[in-house]
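Take a look at the structures below.
Both complexes shown next keep chain A, but they swap its partner, so chain B is in the first and chain C is in the second.
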Partner chain A sequence: MSDTHSNTVSYVRDSMLPQQEPPLKDRGAVKWLRENLFSGWLNTVLTLLSILTVWFIIIEIGPWLMNTVWNAGSLRECREILDGTSGACFAVIKDRWHQLMFGFYPPEYYWRPVLAFVLMLVAVAPILFAELPRKMLYFSALFPFVGYHLLWGGSIWLPVAVLLGFVAGYIAFRLLDRMSSLISTLGAVAATLAWWFLLAGPFNAAMTSVLPIGLEFVRSDAFGGFLVSVVIGVSGIALSLPLGILLALGRRSEMIFVKSVCVVFIEFIRGVPLITLLFTASLLLNYFLPPGTSFDLILRVIIMVTLFATAYMAEVIRGGLAALPKGQYEAADALGLDYWKAQRLIIMPQALKISIPGIVNTFIGLFKDTTLVVFIGLLDPIGLSNAIRADTNWNGIYWELFIFIGALFFIFCFSMSRYSQYLERKLKTDHR
Partner chain B sequence: MSSTSDARTPTAAPKAAFRLSMLLYDQRYRSITIQIIFLFALMLGIAWLVDNTINNLRALGKDFSFSFLTAPAGYDINQRPIEYDSQMTHGRAALVGLLNTAILAVMACALATILGVIAGVLRLSNNWIVARLMTVYVELFRNIPTLVWIIIFGAIMTESMPAPSAFRGDDPSASMFLNESVAVTNRGVYIPSIQFANSLGTVNLGVVSPSINWLLVFAVLIAGIYANKAILKNATAVQNATGIRPKTWWKSLAVLLGPVLVLFIVFGAFLEYPELRGFNFADGTHLRNSLIAMWLGLGIYTGAFVAEIVRSGILAISRGQSEAAFALGMQPGKTMRLVILPQALRVIVPPLISQYLNITKNTSLGLAVGYMDLRSTLGGITINQTGRELEGMLLMMLIYLAVSLSISGAMNIYNNRIMLKER
Partner chain C sequence: MSDAAAAERNIDTSKMQISDEIAIQISAMNKWYGSFHVLRDINMTVNRGERIVICGPSGSGKSTLIRCINRLEEHQAGQIIVDGTELSGDLKNIDKVRSEVGMVFQHFNLFPHLTILENCTLAPIWVRKVPKREAEETAMHFLEKVKIPEQADKYPGQLSGGQQQRVAIARSLCMKPRIMLFDEPTSALDPEMIKEVLDTMISLAEEGMTMLCVTHEMGFAQAVANRVVFMDQGQIVEQNEPKEFFNNPKSERTKLFLSQILGH
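Up next, the complex of A and B:
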């Protein structure tokens, strides 16, 4: 065999050929195109359809967007500037910027919501990013009172009186702590309620007459635009997480009454549309409260939105609790931790981590649902867009307002979902 | 000596007398204490609310009664799936609203499912541009409130569509689609409707009076579906016995469509095309702008959520499953149909149910574009006219609650059927 071979082959290569480049269709952009866009007839059709769609959208909307008028006092003026050509008229945003942001908030006090917003970012920062100094959390705890005072104003002693209620509760808790956790909790609640209902009023009145300091009071009906959305959204978000945790624990509790009440509450709230709850807040609350009481519409809406989000939050967190292996609960018991310590140190950190996507989705849903307040007469951005269109100057303007409102909501919600992805990555402990 | 050692064995429980302090310190009794306090506070709260309500009603001189439901409504509803005019009762108006809610919910669920499945699968596609496009769709619609989308679609329908007069003349500026059968105007969409030349009249069922023709068609269709099930079962039996699955598609087609077609021919069914008459289109079926805006708004918005659910469902199936199917020599299509989807469905169905529930609840946003659903009839005009906020809202909430609970109940039954049968 080898003989034949050596006879027939007159030349044997003794060195390797230099590596050749792959053929043109298997390298570079061509390869990428072939693999990602034109790998089969179906993919080719889909690609062409997509390109057509994108092209169509660009052709339709591009010129309209590029040819934007930013300075005009009315739609008529804007059309005169456009002079028959197709173009967007974002002048309406510039013209009505303050209204879209603050509604009918007194212009001389615009700095108050702006400052409140900035302080809110500062207050939220240590909660969102663990790298920041922990001392900032004290400010976060104080922020609800500061924010309330900045937005609504009035006597500074009202938020102080409410804050002192919490302080009273904390002191009572500390004093009774060594007796029994049940007694100390009850004592704390009783002390807080006693302060609010019995002493806060006189304290507020006395301090206001002695030292009348505070910002000018702004009524709730002056609130509007994104201010309303953010106030309702942020309050709902801040309140619904702790309440949702309590409700989820209640639903998993072994105490039959507590459990059944929680189940009924959750299923009821999840079974009816938010809009019926909002109408309940605006139409029916006067029936349920003592005659003559009436309280702020925005506050009522915040309560209802919070209740609504709380029920959904409870279900999300219950899912996280159910996903924890039983061994975790048993390990906590074996360590001798009592119920709350076990929840705080072992169960909740893990359960909440599992439920982060669901929690943030609930937050996003809540923030988007703040648009529904337009139905009960609050001037949120959608309500204002209707009001702006009712003005003769801007009668007939649609798309620019919708694009602006949609874009702002998109920024808020999209950044929330991005943050949740960041948090998930950061807290991920399984190295898969 | 022996008696003391007996007392120390762990089996003999200490016979301690019950002391009052055990209610606070003993875990066995503490939960009872907590529950009693909880129940007491809850009762107190409810009693307070009820007492306030009774006092307030008395102060306003109102009573608590649902008799307004039998009083004449006196208002018109523009979309009537069943017979209704303004002389009929508030109860009837509420029923019309409920039916409108149901129609919208079913349409939107169907649209959301179709869009969601397509977008969810395409988002996982290897095709770069298609996947990106679907990502843009999902993120854009998920992060902007549904109310905004509903209003946008409402504005598109009323502002950007041609008026019926644009269809007139020798050289009209607008034209109908699909062979002169569908007209999209700023007053709504007109599509052909199926009419029967030989009508058998209607059957009076008390509340509704459906056409006998349609009842027969549906009865035959349902019978066809059952017959088809039997055929498929038979085919599976043959396959299990012989290893060869008989071709069934033509049998299924014949059983499903044949009888219906025969009925249509017997009844003399024909398509009634919308036609421009006077200032507006006549004949055919008129889908109002409000319905179209709600349908597109809810359907496309929720479709983005369904897409994410479908995508996560497919991703939840481990890669080994599809690799195993390929190793068995299955083609990609069959792998998807027989291996991936049946498993993914288990992950997909529960969140899909809650999306359907969300759609049903979001139909109550119809007010934004003037869609006459349950909230606009019973919870809107009826309440305003009769001043029965308490009763009206209560009834409406109970109806929504009943609808939600029955949807989730029905879906849970389905979910239990497809759930993983573990050993």
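Up next, the complex of A and C:
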């Protein structure tokens, strides 16, 4: 068609060309193979080398994994069953399953952490998936209190008293809503703190003496295994995101005092190793507290891990904020939105979306860092693996325990990563 | 030159009336960026119903001037009174003025994470506290007016530049502003799309909206404006009604500018 006119200067196309399929070598599996595996001699060599490596790993580890002993009471028994052949001894996981999951939590109450875990999934679901009914968020808001009570037990009035603090804050916020948003926010914070420090204690004591209901109290020492990792990890994740947002906003604030406080906090926390903060939590914090207060160790660790993650989170979110074009702030201003509304409705949804990879990165890092608590004597899975090896029955077993622990951590972290990719796809609004 | 917009339609001037009521009063206003004196002794009065085109070479401070009117930029000396409210450090006054003054930007600045409809209803719902359904009805009304109601559920990234700019105009109108500011609304658009945006602006003028437009569309200025303001080096050099301004410019600087932009 085109050669008809190729030599003439004046040219009018009389018919538009229909769309055609690409040639065979440029579509389907052939194209994929050519582009991804054999696009040049170097890539062909690398592909073959990779295949060899994978093959080698399977050949080496496969038989060991396939030949697993699942039922044995000790490493010696395992070896007798294997009778000299190479094989894994995952019997240790079966033997110590409960310990790896719950540590030394009283066996008769195992249902409590299990129930708490299931409820946690229910509470997290509406936050992760916008399709679910929004009413479920009420349960999500209640879950921290329910979860706390299920895990630690004690008088039910303690979590209720703490919860009422938030209710007090909300009422104050509503009452002051007519004023500027700054006044109502300050009022809400003041009301919450006033309730906690002045009234919550007497309220708790009074209600407990009148109506002593609640689950059996379980001390933090009894917590162990993945229970510890999940409690610290999930609390840290849930707290570090909102705090990180506030800190990032603070660092970008034009109010010099707010800004300095945030900068100093972020730089200090980022400049100190987490393990130092954890030792501070376990050893030093008690010196600063009034004598006689026993401040739960897990709670202290959660605070430290949260502070640590918050500093990183703030910087990640600040990156997202900096990436937003100035026009977005101006458009929000020009429409008359005040600072907090603009942040909440315009700026944060976009900044957080940009920051998703970094945020999830921080979450994953935080979750894996929970294994550091082994150094301050908490029996997380790594700590338990040492304890299990200290038993003569399982003395000398390494691979199976670490593979199991690693696999479980991998499942948690990989799900977070997959979820973040799902979210990025879902929030992509520039497709045509 | 795109006189197209003006030539192709007959402009209905019946509602384009200028009242004696003062909409914007700027007196002895000065602004500096650091030590750079961007706006020098600006005095300007805008009556309700006026359609003013501000032009001038780039860097002459024309965008800065209209951005001062809703305090996207802060002025350091002098006075700006919008609808009887003086712009000062008082946040309440600023929010009040901003909710009365609509602004359209060169780069549209739509919110990319919200649909077109949500872009239009956000401010009425959160600033004016209009119930959601009512806000959506208003939004659809204005989207129909800018002729893109069928795009309401799309995202800004899925629209062409001209469509985005029309959405931006609709978004401002949803706040029922009494004054509209346009900051080079067609400068980032392909030639084919300029007309659709100008048409929208013309129909707005026909309804008697008070408008301040920074633009290089001289066709638009001739057709719609009742006054053209020429700025250079942060000062108002000349202002006149369009016919006089274009046919009989007084200042040398204006003549040079006009010869450059009309000369090709």
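Just so we're on the same page, the second predicted complex is superposed on the first by the 381 of 432 C-alpha atoms of A that agree within 3 Å, B and C clash if a C-alpha of one lies under 4 Å from a C-alpha of the other, contacts with A are read in each partner's own complex, and residues count from 1 in each chain.
The definition used in the following text is that a contact is a pair of C-beta atoms (placed from the backbone, for glycine too) under 8 Å apart; a residue touches a chain by one contact, two chains touch by 3 or more.
These figures come from a predicted structure and were not determined experimentally.
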**Message:** Contacts for A:260 in the overlay, against chain B (first) and chain C (second): which applies, first, second, both or neither?
**Reply:** neither
**Contacts of A:350 with chain B and chain C, given as first, second, both or neither** = second
**Which superposed partner A:429 touches (first chain B, second chain C, both, neither)** = second
**Prompt:** Which partner does A:421 contact after superposing on A: first (chain B), second (chain C), both, neither?
**Reply:** neither
**Request:** Return first, second, both or neither, reflecting whether A:50 touches chain B, chain C, both chains, or no partner chain.
**Result:** first
**Prompt:** Counting only touches as set out at the top, which of chain B and chain C does A:333 meet: first, second, both, neither?
**Reply:** second
**Request:** Would you sort A:273 into first (chain B), second (chain C), both or neither based on which partner it touches?
**Result:** first
**Greater residue coverage of chain A in the superposed arrangement, chain B or chain C** = B
**Item:** Residues on chain A lying within both footprints (that of chain B and that of chain C)
**Value:** 180
**Fill in**
In their shared complex, chain A is touched by residues of chain B numbered 24-25, 30-31, 33-35, 37-39, 42, 49, 52-53, 55-57, 59, 122, 125-130, 133, 139-140, 142-148, 151-152, 155, 159, 357, 361-362, 364-365, 367-368, 375, 379, 383, 389-390, 393, 396-397, 400-401, 404-405
**Interfacial residue positions of chain C with respect to chain A in the complex** = 70, 72, 91, 95, 98-99, 101-103, 105, 107-113, 122-123, 126-127, 155-158, 171-172, 175
**Message:** Please output the residues of chain A touching chain B within their complex, sorted ascending.
**Reply:** 35-37, 39, 43, 46-47, 50-51, 53-54, 179-180, 182-183, 186, 254-258, 261, 267-268, 270-276, 279-280, 283-284, 286-291, 364, 368-369, 371-372, 374-375, 382, 398-399, 402, 405-406, 409-410, 413-414, 417
**Asked** For chain A, which residues count as touching chain C in their complex?
**Response** 180, 325, 327-328, 330-331, 333-338, 341, 345-346, 349-350, 353, 427, 429-432
